[in-house]
Structure formats: structure tokens, C-alpha cells
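One structure coming up, written as C-alpha cells, with questions to follow.
Residue numbering begins at 1 within each chain, and the chains themselves are lettered A, B, C, D, E and F in the order written.
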Amino acid sequence: MTLVADIIVIVLLLLGAGFALIGSWGLVRLPTTMERLHGPTKATTLGLGALLVASVVHAQARLGVWTAHELLISLFLFITAPISANMIAKVHLHRARVGTVDEPEGIAGPPPRPSGDGDWATFEAPRRDTPASTANS
Amino acid sequence: MSLEFLVASAIAALVAGGIYLALRGRTFQVVLGLTLLSYAVNLFLFAIGRLVVDRPPLWAKGVTDHADPLPQALVLTAIVITFGMTALTVILSLRSFLESGSDQVDGVAEPEDAA
Amino acid sequence: MAVVLLMAARRASRQVHVGIAAACSAGGLAVLLVQAGPVLSGRTATVRLPWIPTLGLDVSLWLDPLALLFAGLILSIGLLVVVYAHGYLGKTEPTARFLSFLMLFQGAMVGIALSSNVLLMLVFWELTSLASFLLIGFWRDQADARQGARMALTITGGGGLALIAGMVLLGKAAGSYDLATILARADLVQASALYPAILILILVGAFTKSAQFPFHFWLPHAMAAPTPVSAYLHSATMVKAGVFLLARLWPVLAGTDWWFFVVTSVGLTTMLFGAGVALFRHDLKAILAYSTISQLGLMVMLLGFGTGAAVAAAIFHILNHAAFKAALFMHAGIVDHETGTRDIKRLGGLAAIMPLTATLGVLAAAAMAGLPPLGGFISKEMMLEQSAHTSWHGQALLVPVLATIAAMLSAAYSLRYAVALHFGARRTGAVAAPHDPGALLLAPPAILGVIALALGILPMTLAGPLVAAATAAVTGGAAPHLHLALWHGLNPALFMSLGAVAIAILLLWLYPAAAASVARLPSPDAKQMFDRALATSVDALRRLSGVIHRASLQRYLAVLFVTALALAGEAAWRFGVAAGARATTPASPVAVVAWAALIVATAAVLAVDRRRYLALVFISVIGLVMALAFIHLSAPDLALTQIAVEVVTILLMLLALHLLPGNPPRLSAVSRRVRDGAIALCGGLGSGWLAWAVMTRPERAGISRFHWNNSYSGGGGTNVVNVTLVDFRAFDTLGEITVLGIAGLTIFALLEPAAHGVAGRRLREWRSKDRFSPERHPMMFVMATRLLLPLALLVGMYIFLRGHNQPGGGFIAALVFSIAILLQYLASGFDWTDVRRRISEHQLIGMGVLIAVATGLGSLVFGAPFLTSSFDHVHLPLIGEFELATAMLFDLGVALVVVGAVMMALAQLAHVAQRAAKQDPAEQDGAKQDSTKQDSTKQGSAKQGREERS
Amino acid sequence: MIAVTLHVATAGIALALLLNLWRLLRGPALGDRIVALDTMVINAIALIVLIGMIGGRDTYFEAALLLAMVGFVSTIAYCKFILRGDIVE
Amino acid sequence: MKNLLPHPGLSAMLLIVWLLMANSITVGGLVLGAVFALVLPKFTQPFWPDRPRMRFGRPFLGYLAIVLFDIVVANFQVAWLILFRRNRDLRARWLVVPIDLTTPEAITMLAGTISLTPGTVSSDVSADGRFLLVHGLDVADEVAEVARIKSRYETRLQRIFA
Amino acid sequence: MVAPIVVPAVTAPITLRLMRRHRGAALAISLGACVAMLVTAVVLFAAAQDDAIRSYALGNWPAPFGIVLVADRLAVAMLVLAAVLGTVVLGHAVVTGADRRGWHFHPLFHFQLMGLNGAFLTGDLFNLFVFFEVLLIASYGLMLHGQGALRLKTGVAYVVVNIVGSALFLIALGLLYGLTSTLNMADLAVKVAALGAQDQGLLRVAGLLLMAVFALKAAVVPLHLWLPRTYAATMPVVAALFAIMTKVGVYAMIRTVPLIFGARAGAAAWVPAPYLLPAAMLGAAIGFAGVLTARGMREQAAFAVLASTGTLLMPVALWQEAALAAALYYLLQAVLAGAALFLVADVTMRRRGQYADAIVPSPRFAQQDAAGLLYLLAAIAAVGLPPLAGFVGKLLILDASFAAPGWPAVWATILATTMIGVVGFSRSGSTLFWKATPQVEGEALVEPIASTRRSRAEFIAPATLLALLAALTIAAGWVTMQTGATAAQIMAPERYVAAVLGAGR
């Protein structure tokens, strides 16, 4: 039992650390901001997730206690990480549109316009009574 | 390299940076300098209790091997006080700028202070 | 006492004032006269009240013959002057003020005379300087009055300071400040190594007061005072204080070569100089002033001779001089009063139109000239007699010859005063037909004139016993054989005197020519020199002070850093700061990486210091590393605090950054940066080394051992850090939350008015150069914060509740609460969030402090000291064991204050710009009103604003 | 065995931190730096978890939790500053 | 009941979170957690004015499972991309996803899901709230990808936020 | 014993809450609290007359483990001083309406008093730091009260300098803790004396840094640069309260040096000794020179405060009992005199309209004579002429410093600077109150700031201070006896140690 737990822990640890590392490596390696934004998502999801599960298993195997509160960390990250990514993407879009020197367009080029007459919220204030604005009513 | 060296050199770097920035002419730089200085001071005060790895000051029966709790309490107090002071400084310098139109530390109209 | 009375009766009529003042003088005089008999028969009256025993300063007064003489002089002339002043001062002058100053002076002067404690004498001494300052400056609208007053205060006050030093030294040398004791210990003092210093310092004091050369120049300018003042202070009494002092200390100081040379020479010089100058002045009061200087010189010289007979002469002359000089000043005042001028060249032939005045003037001037049968003659004879016996540094003739010349000069100016004024062609100054004044003006000088005459005619009867006794008191021995008479036989003095008068008459005959030639001489004006010197030095000092105290924070800080470095460097250099022997802890690779991150980030903050946004990003990195370091080094509480504080700080800085101008140019020059870099480097290395030195020392068993051992048993918690904060050192925490609370209040006070005035305008005009996205509240963010708010509050609760046993506590919990609410602000904007907030920050802060204090006070109820905690493990059915500690209540107070302060800071800062924008119309109304009212409307509208919100 | 793996994992995260730092210093875009900072926070959480596992204690959990909860606030604030200037409107 | 328990879902979630945090299930913890789970939603009610009704039953759990599975798979895919794909071969694309969800909560959940699965980051919402801008790291077929997102996630979300 | 700290700590929040709605009640509470504090202080003072040192263990934790408050003669005397000054100044602020020219005057004022009292009473070094911060941050708030561009920009410098000072304080504190593992001052005294040879250098560094911090607060040359402008830019009524602030630095020195860095402290024995005396002399010189050159009354008063600190530190720097006694007497009177100068400046500038406190002639203004008289008396007190206490103080200093090392220099400095001060005050006084520019035809009469409230009541506060000074003079015998006993207590640190740690140690 302990051996199995140990192996699980070891695998999870390596997996987690590996994904965190790969995520950061992606951050270094990928060519532009939008691509780099994909790096951290790995660290937040599988990277940390694996580590946390490892921690849970480890605590059970080694200390004999069931702990689950590590999962909370993931819960919070799942709530917050998309927001961070979203905001950073907005920053990129905004700065690229404004034409800041050090903010090159990504590989994908400028974003296409949404069909219809509007634009993205970063460029045009959300209209009244749409989901994008009712959130703050 | 020992942890002690790392901490000492980190303090050195923070203090040097803090002093340098505090001597600059713009309020925001000064505020940043004070922030660095306060990091350094906190670290210093903390290091005074000697460095102990992974033995947090949580009491348990029979445990005698632990970090010195007192400096930690002092640092906590210091952090709180520093936070209050920093907030005040930031807002005061901002207000001073709004009043005088210059963010030079002494409210001198620019350009000035080439000496 | 008189002063108080006069102040009280300020509104009363002049007569009342004068009455009070005169009554005081007269009363004093009466007391004196009652005492006079016993005193003269050798019984000294003393009064002693303890004042400052540790210092040896008692209110001890004595009335020996010298004191009697002086006090009598002061009071009697004071009485006359008061009467005179009644006639002299105009109807609109504030007599009460004048007379209260005069009485203040009189009291101080009597005090000098009566003090038998040298320190007490100093008190009175400086008081006379002050009173003289006030009296000279009485006509405050006149520039020369003000300047004269200042100069007099500067010189005499300064001399007084020297006197202080001299007196204290004297007391030290004699071993007591009691005058009688000091006088008895002359040998001790004169043998002391301090004697020369004592002598010089005391002499400086005496000479400045008595206007001796070269400190004489203030006296003529003091004549800007009203004439009664001149008569009283600057001829009869105050200036004689110096002479009195020399006489008083004569037994202990005189008799040495030092004494003789200094005192005699200065007196002689002054006598000659004053007389010479007096001759060529045209202002009546200036003539009198210089003559006073000269006469004072005479007395000083006599005292310098060091013989009993000379002392007797001096003392007799004091009497004479007081009589005739006061009379003369009053006379000059009458002339001035009636003719409107004091210029002797514009006056003449007054004898015909003002016969009484003229008689008086001639009489007094004759006394001054030393003509028989007046008192002045006798004292002058005595002076000449004494000088004839005095050899100065082996020169037997020097003193007598010079003394004769001086006598001659004084006879000359006296005669000129008498003759030029009263005889010859009629010149009446500004008034066509002047006439003798009323009795009030005329009587006092007349009395004095009569006394001057009487002193000549009946010297032994009138003054003999007094002078003899006083002389005895001065010399400390039996009085020398004293024979005061007009006729002493054909002695050298008589010839010298005769010669002097003869030459004087001759000189007067030659006067116009001499005056012309003197007028051509360069005459250095001491006042101008004094003023210029003072002005120059003030300017120089001001420039210097301006340079030193230039408003420059950079300089303040540089000095502070350099001082601290220098001090620490001194200690390290002298005693060495070596590393200790404690084994170091090996660093893991992670630690090295974190360290590298910190160093790099610090460097980056410096490198991008003017791109403030980036600098802030790097600060974040430093904060993160700090948190990691705290984790690694076993300080979970600190890490939690660090993480939370970091977030709030960044928010705060970003809010502020938004309102600051964009990328500013560099301010300081390269040299400055190099200098600062050097300071920074030294500071960094120094502090790093100190940290290293401490960390490598083995730790001692200290007080924290106790904390560890008692944390659970005594404090009821296992998190020792938290127990320390809320229990062992709860008092610190109380102070700490107070700091935060005050910070919050101050921030509010700073930002509340920022929407108005200049700041408000600037805020309204402020437009960023950057282009911004139009989206105010990103949807995803808004939604996430909705969900996070209850979660974060829950986490905060959790951290709060477990803080006593596990990492956490009120402060961290409060920060979590704050961040949770701040997130709402960030996502949904100020207005949206603000209406949903339930409690105002003020209340939070106030409640928090109150709860914390009340918790502490609670223990008092149970008879335990402030902040004593108690805890218990409560068993509740179902729930199980449950711990309650009063410390938690305390922690609640902490949390409330922290939330309040943080919210106050950020929320206020966040919406200051919006408020400014809303303020706009209100400001328009406000501008029309005056500043005072605007203040109140600001308050009012601000108040209103808050009330609307709450 | 687990101990070794823990240290290996720690070293990996440390390396990741270094990489983040490099990106942070390098930029070039502001977005890049913010991403790097955000990733740093996440790696720091990982590090805290690992430190807790190495020490075999639960004490550091709150720190990780707190960081997960509030770490993104400063990221958002930085973004909002760029987007809107005023982070609270 | 409505007054006492305005948001049962939220309350349940808070209780679970509380128990997780306390890391043990005791009666005392349960009671305390229940208290908070009741009080906090009431306290924060004004901050979340019109909350949509959600179903936390089977559809929700199924959605959760799918997302978790996708996350794991995508992680490996993206790791592969990062490690071995050369930059110039990267087919980074913008995807415009039309959305039929109407409540901001649902849209946010969709966008969050997209972001959490590596390889796609939801970057923006259109001003009218009817399109989602998604950045894909390596997209072979834009149309297929959009369709996958809509079918795999959006339809399920529509069921949850019925 | 804890009352002097608790009373303001409770009053401040109460006034905070009440001030907006029930101003009358809040004022009553505010003033009442001041009076209560005064009463408490006097009671403590009376209790201290038996020469016993009382300690109060907060939280019932024995010293040195918990924080103790220690009431010895020095502490209670300072308490009385602070309470007296606080009451008078608060009264003045209320009378002149200064407290309504900004937000939160009363809470800040009480917090300030709390900080002062805490600093005086505490027997714990870190707690001293905390109360320093309390009084500093409250002083920031008060200093900025009323605001205006000049005050704000000066405030930035004041705040930043003091924050750096606090950082230094923490470093010094840390070093001491690192060496001794204790924070209680009495315990520190014991532990410092027991340090080995290898620790002497660090000890001295710590001591000197600590002194640098105190010197910064006390505005000792060359760390005084911040003071003149700060005080000159502050509202006079606040500056009057600040008259005691610099003296807190002096207090801290007097408290710590004989106790911790006394004769037994090895390398740190009398740690500021070689530097304090020259610095004090320079301080007196610069201060009185500033009195001479000042362009405004508040600036002048600020320099006078500087000068008094310098004068006061000269005898302190000798570390002899008699000199210390003299210094303490001088301290009492210097605080009152400095405050009086500021209050007189206040009443004057309120009447001079646009001429404010500039030392230039102005047209005659209302109640000029009364203001002039007060100015005269305050100046007399500040410069040290008879009959007020300054003179007695200087005499005491001269007398006590005789034959101490360097006494001729001390004497020369004191007397020469007094001279400069006399010239300075006489110049400014005659310019302000004697000289008058004619009222220009057509120009409006001088418009006073407080046109509505030019009541005589404004004179009460400065007059009270002057009366106190007079009382200090008349009762000088008693006061010097007190200061003598205080100095004796200070110079016998073993009694303090025994009282705090218990006789057994």
C-alpha cells in the first residue's frame, strides 16, 4: 500500500513539477504575448493540480491523515486564473490596437471582428442590456 | 552558500537600493525607496532571531526546537506600522503633487536641482 | 506691586497713576528712612527667604549703608521723576504703561542695591536692562527710540551675560553665592586661578552698564527716551549700577594690580573721552549724555584707585552727580518742552524769558562744572586730590594731568551749557514766547538743584554720616577720616581745579574755532557701525542659514544616512564587528534562485526607476520572494501578512500612480547620482554586514523562551507568534492598530478636501496622455468577484478564528476581508460598491480601537492588570470542545481597525478624482464667498456629502 | 525516494521561477511581464506546497491558499491600470 | 425560506469549502460552517443582485468531469507543442465563438472553461455579448474548433443554466 | 497607571464619532479627557514622591517577558508636562476654532497625547518604538491639519525623514535584541553589562544608531534640518503641542543612556558622549542664530525650540547628576516657553491679516499691546532672561556644568547664544509690535483671519503658559528639588532595574 502510494506520489510530483516547468518554458520560448499566455494555464491546471493531489496522497500515506484542503487551492485558481488570462489578453489587444511600439501583433494577427455591427468589449464599451453589461447593474 | 549569506546580501541589496531611491528627487521614487527599505528592515529584524528552516513557532507538547517567535511578532508589528506609514506617504505625496503641480519631493517647480 | 496696580488701573486717570507710582516710591523711601538710623549706626537689616536652595539662590536682602545710600537715591529721585513725568507726558500718552515700566525699573534697581545674593542681584540686573529697553522704546513710533532701545538692551544685556558668568565664577571661587560670605573671602577669590576671568567678566558687566569706554555708545542713543527716563535711568540711577557693583565687590576684587590697571585706565579714558565729546555736541541731551559718561568714568577711576579716600570721593560724587545731573536732564526736558527744540545752537538768552528755569539750569551746570560752593566742587576736589597721589605704571604725573584736563573739559561743557543757553542773543527755537513751566515740572529739578547746592554748603551735615558709613561698607573696614568741606586749604587739588576752570573759560572763548576744527574731524558714529555690523551679520547668517536649512528632503535624508553611517562606522572601526561562530545553514538551490530573483528585481527597480509602472511590477516580485523566504524560514504568519499586505500596497500605489504625471525627466545630475550611489553602497554593505554578524552569533536564551513555554498554558494558544501579539505583547498591538487607525484618519483628512481648491481643479483638468479602453467593468472579472466575495470572507473568517493556534489572526483576516471588498471596487467601480457597503470606515476604526481597549479594561474589572487575558475551553453539547479567549476579542478589535484603515485609504484615494469632478458646480458658488466662509461651506458640504452617503 | 523526488520537483519549480524571471526582465511587451508575474505567483504556490510536503507539515497551507486567492488581484490591477488608468472607477 | 436561505447553492458551496478548510469533519466545525454558510450569503446579497438559478445535479457533475478530462488531455497536447513544435509551424489563430448563452454568469463560466483548457484562452467578449474571442495556440481547423467548443461546453452549460 | 494611555485611546474614538453630530458634547469630552489626564498625571506624580519606582505589568506577564509600564519620577514629570501642555493647547485650539479647519483634529490630538504618554511610561524598548510611531503618525496628521500647498510639501519631507528614522530605530532595536534576546529596558541593562568582548563593536553600533534616531527626533544638529520648516509650516497651535515632541527625543536619551548605556555598558558606555556635547552647542548656536535671522514668527519659534534643545542637551551630555537636574528644569520651562511662543504667534497672526506672522512692520492691529506684552514675556522665557524660568534654568545649567569637562565652552556657548537670542527677539519684537506702517489711504484695514472671533479669550492660553512659567520661577526651589531627586533616580539605574525585575535578580 505504501509502495503504491509512494509511486503515485512520485509520479504526480514529477508530473506536476514537469508541467509547471514546461509552462514556464513555454513562457520563455513562445514567440509573442498571446502564445505565451498559454504557458501558465498548464502550470495552474495540471501542474499544480498534480502537486496538490500528490500532497493529499502523501499526507495520507505518510502521516495517516486525510487532508483535502489542498483542493481548495485549485478551486481558487480555477476561479481566478481565467480572469487573469482574460485581462492580460485584453491588455494585449488594447495595446496592439493603440499601436504601442513594444507590443507586436501575435502570429494570429489582429483579431477578427465579431460578426454583427459591434466590436469587442475592449474597444467598445459594452452596450446596455447585454450580458456584457448587465453583470454590473 | 549559506542561507545566512543569502539573507545578509539580500538585506544589503535592499538597503542599498532603498537608500538610493530615497535620495531621488521624485516622490514616487522616494516611496519606492521607502518600500525597499522597509523590506530590508523587516528582513533584518526577522534575521535577528537567527535563521531556522522549517520549524515554525507553533507550540506543541515537548517541542523545544523552533524558530524564535518574538522577532516574528516584532516584524508583524513593524509590517503593519510600515503599511500605515506607506499608505500615508503615498497619499500625502499625491496630495502634495495635486496642490503644487510638481511631484518633485520638495514641491519645487521643474526643472530644478541640477546640483 | 506698583506694576500690578498700574496695570489694573490702566483705565484710570493720570492722576491716579501718578499717585500710585509716587506712593510706591514714597512708601519705599519711608521704609528706608525708618531703617536708616539703625543701619547707619552699624546694624545691617536683612531679610532672607529661601528660593532655590539647591542652587544657592535665596531671596536675601540686606540694608547696609551702601545699599541704603543707593536705594535712597533711587527712591527719592524716582519720586521726583514720577512727579516730573506727570507734568512732562502729554495728555494722550499711556501713562499707566510708562509708569509701570518705570516702577518695574525702580523695583529692579532697588533690588540690585539690596540684594545680598549675587545671583539674585543678577536677576535684578538683567531686569533693569529689560526695563530700560522698554522705557527707551516707549515712543515706539520713532525709529531712533526703537534702535536706541535695542542697542541699549544689546550692550547692557550682553554685559549682563558676562556678569552672569563672572558672578557664578565668583560664587564658585568663594564657595558661596551669599554676598556677605563672598566679601569675607577676598583672599580665597584673589588666590583663585579664576580671578582674572572673574574680574574681567564682572568688569565687562559693570562697564557696559555704566557706559564706560568702549561700551559707552549706547548711552547717547538711549536719550531717545522721554526725558524723565533719561534723567532717572541714564543719569541718576541705572548707569550707576555698574559703579555700585564695583563698589559692592570692591573688598573682594579691588586691591590687585589687575584691578587697578583695568579699572583706573578705563575710568580715566572714559572720563576724558566723554568730556571731550560732550563739549562738541549741540543737542542738550547729548551733551548731558556724554557728560554722564565722563562723570561715570570719574567714579570708576576713583574706585580703581583702591584707596578708602578715593572710594569716599566716588561715593560722594555719586550723590552729587545724581542731584545735579537729574536736575540738568529735567531742565533740558523743560527747555525742550517749552521751546520745542534741544539744539543748543537754536537756543539762547532764555534767562530773560524763563528766569526760574534759567536759574535752575545755571545752578546745576555750575555744580557739574565743579564750581564752589556747590557739592560738585567738593567731590571734584576730592577726585583731583586723590589723583594727585596716584601713579600709573610708574608715571606719577599721568593721572593727575589727565584728570585735570578732564576736569577742565567738564567745566568747559558745563559752562557752555549754562551760558550758551541762557545768555546772549535770544533764540527760542520753534516757539515764539516760551515761558517757565508749571510747578509740577519745575519743582522736582528745583529740589534737586537745592540739594546740589546744599551738598556743597553743608556737606558734613547732610552727607557726612552716610558717605562715611557707605565708604566703610565698601571698604569693609572703618571709614577713613572723612572731611567734606569746600575749603581744604591750598593743596594741589585746588590749583588743579583753578587751572581747569580757567582754561575752561578760555576754551569757551575759543569755542567757535575749536568747534569748527572738531567738526572737520572724522567722527565715527558708533550707532551706524553697530547697526551696520549687526545688519551685515544678520544678512550673512541668514544666507548661511538659508543654505543650511534649504528645504530639500534629499539633503535631509543624505545627512541622516551619512550620520548614521558615520556613527556605525566609528563603532565598527574602534571595536570591530566580527562575524560569530554559529554554524551557518546550507542554502538549497531554491533559496539561491529566490535570492537571485530578489537581487535581480531590486536591481531592476533601480534600473527602471523612472518607469514607475515597471518598477512596481518588480516590487511585486520582491514581495513575492519575501513571502517565500518567510515560508522557508519558518514564519508562516509573516508570509501570510506579507502576501496580503503586498496586494493592498500594490493597489494603493497603482491608484496613486494613476494620478501622477507620466514618465518624468530625470532630475538629478550624474555627480549627485554617483554620490547617492556611494552612500547607498556603504549603507547596503554596512547593514548586510551587521545582519551577517548577528546571524552568525550563537543565540542566547532570552525572553522568547518564556513565551514559548507559556504560550499554551498561559496564553491559551499554540501559535506563539499570535499569542505574543495578542497577549504577551498586546500593548504593542494596541499601539500598532492605533497607528493604522490614525493613518486612516489622516488619509481621510488629506483626501476629503482634495476635491476642492487647487487640488480639485488639477484633478478635474487632469487628462492622461494614454488612450484607454472604453470598457469599465470587464464582465468576466465582475462575475468572478461576485463569487469570490463570499468565499474570501469565509476564508477570512477561518483565518481569524484559527489564528490563536495556527498561522493567521485578526490582522491577516482583516486584510483578506479588505481585499475581498476591494475586489468589488476594482471590478464594479466605486459607486456601485459603495452603496452596498454597510459600515463606514470611521465607525470601524473607532469601534476597533474601543473594542481592543475595552478588552484590556475588562481585565481591570477582575482586578487583573490591563490587557490580562483569560481563556477557557468550553464544552458545548454536540459541538465538542471549544476555546474562547478574551484575546480573540482583542483580535476582533484589531481586525476592525485594519479593515477600516485599509478601506479608508484605498476607497478614499480611489474616488477622489470622481468627487472632484462632481464638485465642480459647488466650487463655482464657493468662489464668490470669502475665504473664511468658504472654509465653513467646505466643511458643510463635505459633511453633507458624508451624511447623504451614510 | 519521495524525498529525492520532492527535491527534484522543487528544483524544477525553481528553474521555472528563473525562467519566469527571465521573461519578466526581458518583456518586451507589458503583457509578457504581467504574464510572467502571474506565472511566478503560481509557481510560488507550487513551491509552498512542496516546502510543506518536505517538512511534512500542514502549516503552510494557508499561505498557499491566500496566494491562490489574492495573488491574481495584483495581476488584475496591473492590467486594469493599463486598460483604464484608474483601477477603481 | 427564501429569506433565510437566499442562495442555497452558494450556501452549500460555502459549507463544503469551510469543511475542506477546517480539514476535518466535526460537529463543531459543521455548526460553525453552517452558520457562516447562512450568514455570508445574506451579508453579500447586495453584491450579487440577480443571480441566475443553477442546477447542481447530474448535468453539473458531468460537465465538471468532462472539463477535468479535457484539461488533462489538453495539457499533454500543449506540452507537446511547447516542447517540440517550432515557432514558425505554430498555427495560432483567433476564433470567434458565437454564443447563445444569455446570462453573464454562464458566459463567464464558458469563457473560464475555455481558458482553463490549455491551448485556448478566451480573450474578450463582444460589446453586445454575443461573441467570444478565443485565442487558440495551435488550431488546425477553425470552424471545427468553434463547433467543438459549442457542442462540448456550451450546450451543457445551457442545460445547467436553464 | 495605565490611565494616561487608556484615557486618550478611548477619548479619540469617541470624539471621532461624536464630533460630526454633537460638537458640544464631543468638545466637552475632549477637554474633560485632557483634564482627567492631568489629574491622573498629578496623582501619579504625587505617588512618585516617595521615591519608589512603580512598575505595572501589562497583561499580568512578569517583566521582562511582558511589557511593563514604569512610573519613575522622570516619567510622571513628563506626564504632567504633557497633560498640562495638552490641556492648554487644546483649549486654545477650541477657542480659536483651529480644530475646525480640517478633519479629525480631536481624535488626532488625543492619539498624539496617547503616543506621548506611552512613550514616557513604557519600560520596553520595542514598545517605545511603537509609541514613537503612534505619536509620529498622529503628528503627521496634526501637522497637516489645515493643509495648504506649503504645509503639504513640507509634510512630505517631515514624514519621509521620520519614516527613515523609524527604519533606523528598528535596525538598532534588532541589533540589541540579537545581542541580548530581550527587549525590556531593565533587562537590557543587565544583559548589556554582561556582554562579552566579541560583542562590544556591535553593541556600540546599536547604541549609536539608537542615539542617532533619538537625535533625529530631538532635532540635534546635524539631524535638525527638517525641523525649522516643518514647524514653521504647521498651524501654530499644533506647533505649540509639538514643542514637546523634540523633547521626547531628549527624554528617550535620558531614559536609555544612564539605564542601558551607563557606566557598565563596555564599549557603549555613555554612548553618545563624544558627539552630543558639540552637537548640542552647535544646536544652540544655530537655533539662536535662526531666532535672529527668522523671517516669520513661527519660523522664529521653531528655531527657538531648536535652540532650547541645544541648550538643554549641553548639560545632558555631561551625564552628571547635578547637570541632569538642571537640564530637567530647563526642559520643563523650554517646552512651555516654546509652546507659548507659538501660541503668541498664533494670536498675533490672527490679527495681522495678510501680514500674517512675517516679521515686517504692519499697520496697527487690534489688541496689539496685549499681544506685544505676551510676545515680550514669551521671548524673555525663551531666551532666558529674568524674571522667567529660562533664566533660572540657565543659571542652574551654568552652576551645574562648572568644572565639568569642557565647561568654558559650554558657558561661552550658553551666554553667547543668549546674547544672539536677545538681539534677535528684540529686533523682531520691536519690528512687530512697535514699528507701524501708516495705514495707506483707500486700502482696506488689515483684515484679520478670524474676523468674527477676535475675542480676548484667545489670550487665555498663552497667558496661562506664561503664568505657568512664572509659577515655575517662583516655585523654582521646589521644582529643582524635584528635578534633583529625579536626576538622582536616573543616575542610579540599579534601582530602576531592581524595581522592574524584582529585587531577587
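We take it that contacts are C-beta pairs under 8 Å (C-beta built on N, C-alpha and C of every residue); 3 or more make two chains touch, one makes a residue touch a chain.
The structure presented is a predicted model; accordingly, all values stated were derived computationally and were not measured.
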Smallest number of contact steps required from subunit D to reach subunit F: 2
Contact-graph distance - origin subunit B, target subunit F: 1
Per Cα centroids, the chain farthest from subunit D: C
Taking each chain's C-alpha mean as its centre, the one farthest from subunit A: C
Computed distance of Cα centres, subunit E from subunit D, in Å: 22
Between subunit C and subunit B, distance of the C-alpha-averaged centres to the nearest whole Å: 39
Inter-centroid spacing, subunit F versus subunit A (mean Cα positions, whole Å): 57
Between subunit E and subunit C, distance of the C-alpha-averaged centres to the nearest whole Å: 74
In subunit B, residues with contacts to at least two other chains: 22, 27, 30, 40, 44, 48-49, 54, 56, 58, 68, 70, 77, 81, 84-85, 88, 92-93, 95, 99, 105-106
Set of subunit E residues in contact with two or more other chains: 17, 21-23, 104, 107-108, 111-112, 122, 125, 129
Overlap residues in subunit A, where contacts from two or more other chains coincide: 18, 23, 25, 37, 39, 44, 67, 69, 72, 76, 79-83, 86-87, 89-90, 92, 94, 121-126, 131-133, 135
Touching residues (chain side subunit C, partner subunit E) in the complex: 779-780, 782-784, 786, 789-791, 793-795, 797-798, 801, 824, 833, 836, 876, 878-882
Of subunit A, residues touching subunit E in the complex: 18-19, 22-23, 25-26, 29-31, 34-35, 37-39, 41-42, 44-46, 49, 67-69, 71-72, 75, 78-79, 81-83, 85-86, 89-90, 92-93, 106-109, 111-112, 114-116, 118-127, 130-135, 137
Complex contact set, residues of subunit C against subunit D: 588-590, 593-594, 596-597, 600-601, 604, 613-614, 616-618, 620-621, 624, 627-628, 631-632, 636, 639-640, 643-644, 646-647, 650-651, 654-655, 657-658, 768, 770, 772-773, 775-776, 781, 788, 791-792, 795, 799, 806-808, 812, 816, 819, 822-823, 825-826, 829-830, 906-907, 910-911, 913-914
Residue ranges of subunit D in contact with subunit C within the complex: 7, 10-11, 13-15, 17-18, 21, 24-25, 30, 33-34, 37, 40-41, 44, 47-48, 51, 59-60, 62-63, 65-67, 69-71, 73-74, 76-78, 80-81, 83-89
Subunit C contact footprint on subunit B (complex, rising order): 1-32, 35-36, 39-40, 42-44, 46-60, 64, 66-70, 72-73, 75-77, 79-81, 83-88, 90-95, 97-99, 101, 103-106, 110-115
